[in-house]
Amino acid sequence: MRKSLVVAFLLAFVFFAFAETVLNMVEVFTWPERTKVLKDIIKKFEAEHSGVKINLISPPYETAYQKVYTMISTKQPLDIVEVGDWSLSSLAAMGGLENLEPYIKNWDSVKNFLPGLLDAARTYKNTAYLIPNAVYVKTLYIRSDVLAKYGIKEAPKTMLEMYGMARYITDPRKGQYGFNFRGKGFPTDFIDLVVTSFFDDIDPNNMYLTKDGKIIWSDPRAKLGLELYVRLFKDTAPKDAINWGFSEQVNSFSSGIAPILFQDPDTLGILRSNLPDSAFKTAPLPVGPSGKAYPHFGFSGFGIVSYSKHKDLAWEFIKFFHRPDNLAYWCKNYGVLPPDKTLYYNDPFFSSEKYTGWKYMFNHPEKYQFTKQPIWNKNWGKWNELQEKTMQKVLLGKMSVDEVLKEWTKFWEEAGLK
Amino acid sequence: MRKPRRQARFFWFTVFPTLLLVLFLVVYPTIKGFIMSFYDYTIFTFWNPHFVGLRNYKAIFSDEDFYQALWNTIVWVAGSVTFQFLLGFGLALLMWKPFKGRGIYAGLVFYPWAISGFAIGLVWSWLLNGTYGVVNDILLRLNIVEYPIHFLSDPDWAMFSVILINVWYGIPFFAIMILAALQSIPRSVIEAAKIDGAGPARRLFSIVIPYIKPVILSTLLLRVIWVMNFPDIIYGTTRGGPAGATDILPVYMINTVFYENDYSKAAATGVIVLGILLAYTVIYMKVTSFKELEL
Amino acid sequence: MKIAAKVIKLVLLSMYLIFAVFPVLWIFLTSIKPPYEVYTFPVKYLPSHISFENYKKLFTYSDFGKYFLNSVVVASLSSLISTFFAMLAGYSLSRSKEKKVYYIVLFLFFAQMIPAYLVMIPQYVMFSRFHLIDKLIGVIIVYSGIGASFSTIMARGFFARIPKELEEAAMIDGCNRWQALFKVIIPLILPGISAVFSFSFVNSWNEVFVASLFLNNSEKYTVPVALYSFISKAGVNWGFLSAGLVVALVPTIIIFAFAQKYIVEGLTQGATKF
C-alpha cells in the first residue's frame, strides 16, 4: 500500500515535473545557529528531491508556540511542525497532529532509538505524534576554571555537597556566587530535580507520584528537598536570580558569576561559542540523600500536520532527517543528544569528554532512574505558571514552604495525576 | 430640499471609510472577543468550543492573582501618569521661554516618544540589571550605594522601576502637549499679570493653569487609557514578576495565553479591562464636567 | 536672583537631557563596539575602537535591508490610508453639530479604548479566512484600522479651528465641497495632517505583537519582528540588537526632525478639542 503510494508519488513528480511541491515547515526553538543547521539539511533534501521545496518558518523564539497554535487552529498551510514535549499533548488533543504509528511500523531506524525515548514521545494516548529529533536531559555543568581558583577540583557528587561548595565560594562583595539559579521562565525542571532527589521511590512513569501512588508534594521528604532549594537561592545565588531565565543563566555561567549549572545539552553549543573548551566540564547530576536522582527525557521532534496535503512527502523528509549522517550533523552543530543510540558508539564526537555527564547517567540506572513529568495532563501549562509564581513567593519570604507544598498538593489533587 | 440631501450624502461619503474600517477591524473583533469570553476557547478545544456561560469570569474573579494585578494596574497607571504629567509640565515650563538651541534640545529630549515600547523595555532591563547593569555600575562607582540595587528582581523595587521607565517614556508626550498650549497663551495676558504685581507662583496657578486646563484634562484622560492598555514595557522587562509584583491586567491577560493557552479567559480579562476603562471615562467626564465631546 | 534662577534652570535642563538621552546613547555606543566588548564586566562605556562589525553582521547574517524595506512599505501605506480617511471624516465631523456626530465621535473614542489583546485572536481568525495571513497587506489593513479612530479624532480637532466662512466663501466662488476641502481647507491644516501622519507612522513603525503573529516567513518580517527574533533561546544578542535598534530609529528621527514643529503644533490643536 505504502509502496504503491510512493510510486504514485514519483509518477506525480514526473507528471508535474515543472510544478514545484512546497512543503511548509515551522520550527519552534529558533536560534540563528540552529536555523542554519536545519536549513543545510533542507537544502540537501531539496537537492535529492527535485521539484520539492521546503519553506522553513522560524518565528521569534518567545512567540513560536503561540504562532504554531494559531497557525494550526486556523489551518494555515503547514505540513511539518516541530513540537516540543510540553506542547505535544495540546496539539495532539486538538486534532492538529497526524498519528504517526502507521508510518513508524515500516521504518527500521526506529529500532536504534534510545531505549524509552519513543515511549516518552507517546505522551498522548500512548500514540506517537512526533518523531524525536533531539533529546534533552539535564546534567551538571561546572566552570572548572572558576572552581579551581577555590581549590575545588571535582564536581559535586551529591546535592548537599553541591550546596556546601556553592556556599563556600559565594562572596557577594566580589560578585562571586555559587548555584546558577533559575527564577523565572519555567523553572519547573530545576525545582523538580532537587526535590525528587530526596526520594527513593519515584514512580518511573510519573515523577509526581511515589511508587505507592502518593503525590510527592504531600510527602515530608518534599519539604526537605524544597528547603534545600530555597537555601540554594538564599545562600548561594544573587537576589537577581529570581528574574533569571535561560539566557541569564547562560550569561552568568559564561561570565563565571554562577559557576554551577543544571542544563540541557543544547547549552553545550552556546557555551562552546562563549568559552574556551578548558573552562567548563559536564558531570552527572548530583544525587540526593536517597542516593538517587530522577532525570527525565525532554525531547522535541517533527510531527505531521493532520490537514497536510503532502503527508507522505513530509514523512519522507522526517526519514531523511533521521539518516545517521544528517542526524549527526544536526546534533553536533546544534549540540543536542542524538535520539539514535548507534551514534554514541559510531561517532567519536559523542564519546568526547564533554558528554561524560550524560553517559554516566545513562550507564548507571541504579542511581539515575528516568521518569516522566505529567506533561500529558491538561493542566500542565497552568501548573508551570502556578509553580513559578508561588515558588517566587517562597523565595521572597512571602509564603512558607509548608504553605506552598499544600497548595501544590491541592493543585494536583484537583488536576488528577493518573 | 436638494441641498441637505447632497450634504448628507457628502457627510456619509466622507465618514463611511473610517467607520467601515473601525467597524470591521475593531468593533467586529471586539464583539467576537466578547462572545468568545463565554465559551471555552483553549488550545484543546479550538475546533469545537462550547458555551460555558460565566465560567471564565468566575475563574478570574476567584483568582487571587487577578486582584493583585488589578491593584498593580491602579498603582502603575496612577504612578506613571502622575509623574509623567508633573515632570512633563515642569519640562514644558523650563522650555517655555525661548533659549539658544531650544529646537535641538527639544529634538533630543522629546525623541524617546518615537521609540517602540518593547525595545525600551529590553534596553532598560539591561541598564537596570542587578548583576551587570549599567545604572548599578554608575551608582557603585559614585559610591551612592554599597551593593547593587535589584531594580527589577526585588519586588519592593520592581514596580518603582517599571514606572520609572514608563515615566522616562511618557514625559515627552506631556511636555509636547503642554509646551504647545503654553505657547498659545497670549503674551499680553502674562504681561498684564506682571504689571499687577503677581509673582511667578501666582501667575502659574491663577493664569497659566486655568488657561491650559482643557489640554491638561484631555491629555490626562487619554494617557490613563493608553497607559492602562500598555503592557509593552513590563512585558519586555519583568513579564509581571517577581512573584506577580508588576503583574498588571494586560500582562495577566498575555500570560493567560502564554502559559494556559486559554484564549477565552484572556478575552474575559480584556472585557473586564474595557469595562474598567469605560467606567473611568464616564466618571472622569462627570467629575471634570468635561464637555469636549459636545463640541 | 535672576542669575541664580538661570543657573537652576540650566542645571535642571541639563540633568533632564542626560536622563533622556542616556539609554539611546548607550545603545548607540554598544552598537559601535567590537562584538567581544559588548558584554564586558565590569562595564566598559566607550569602545576601545570604533567598529562597524555589528552593522556589517546585521546586514549580512540577517536580511535586514529587506525587513527595513518591508517596514517602510507597511508603515507608510498604513499611515497614508488612515490619515487620508481621517482627513475626510475629521472634516465632516467638525462641520456638523447634529446628534449623530456626537455619537460617531463617542464611538470612535470608545474604539480606541479597546485593548489590542482582546481583538488580536479574532482578527487573526478573520484574516485567515480572507487569506491575509503572512501578507504585508494584511498587516497594513490592521494598522490602518488601529490608527483610524484616533487619527480621526485628532484631525477633527484641526478642522474645528478653521472658520466655516472660509469654505463658504470658496463655495460662493464656484467650488463644490470637495474642491473647497482640498483646495482651501486642507492646505491650511497641513501641519495638523502631518501630525496625524507622523503619529500613526510612529505607531505602525514600532508595532511588534500583531506583526509577529500575522507574518510567518522571514522575508516578510518588519523591523520590530526582526529585532524580536534576535532574542532566541540563547538569549538576547545585544550586538545585533543594538545595531538593529539604531537603524530602526533612523526613519522616525527623520520624520521627527522634519515634522517636529508641526507635530507639536498639531498635537495640541488636536488635543484641545476632541
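For this structure, a couple of remarks:
Note that the chains are named A, B and C in the order they appear, and that numbering of residues resets to 1 at the start of each chain.
We take it that a contact is a pair of C-beta atoms (placed from the backbone, for glycine too) under 8 Å apart; a residue touches a chain by one contact, two chains touch by 3 or more.
On a predicted model such as this, the values are computed, not experimentally measured, just so you know.
Farthest from subunit C in terms of Cα centroid separation is A.
Of the two interfaces, B-C and A-B, the higher number of touching C-beta pairs belongs to B-C. Centre-to-centre separation between subunit A and subunit B, using Cα means, comes to 39 Å. One inter-chain figure worth recording: subunit B and subunit C are separated by 16 Å, centre to centre, where each centre is the mean of the chain's CA atoms. For subunit A, the set of residues that touch two or more other chains comprises 66, 73, 251, 255. Contacts with at least two other chains are made by residues 132, 257 of subunit B. Looking at subunit C, residues 39, 41, 121, 125, 228, 231, 236 sit in touch with two or more other chains. Across the interface of their complex, subunit A is touched by residues 39, 41, 61-62, 121, 124-125, 128, 133-134, 212-213, 216-218, 225, 228-229, 231-237 of subunit C. Interface residues of subunit B facing subunit A in the complex, by the touch rule stated above, are 43-47, 65, 129-132, 147, 150, 152-155, 238-239, 241-244, 255, 257-261.
Residues 26, 29-33, 55, 57-63, 66-67, 70-71, 73-76, 246-248, 250-251, 255, 266, 270 of subunit A touch subunit C in their complex. Interface residues of subunit A facing subunit B in the complex, by the touch rule stated above, are 66, 69, 73, 90-91, 93-95, 172, 175, 183-184, 238-243, 251-252, 255, 257, 378, 381-382, 384-385, 389, 392-393, 395-396, 398.
Within the complex formed with subunit C, the subunit B residues making contact are 10-11, 13-15, 17-19, 21-22, 24-30, 32-33, 36, 41, 90-91, 94-95, 103, 105-120, 122-124, 126-127, 132, 134, 137, 168, 171-172, 176-177, 179-181, 184, 214-215, 218-219, 222, 225, 229, 231-232, 250, 253-254, 257, 263, 266-267, 270-271, 273-274, 277-278, 281, 292-295.
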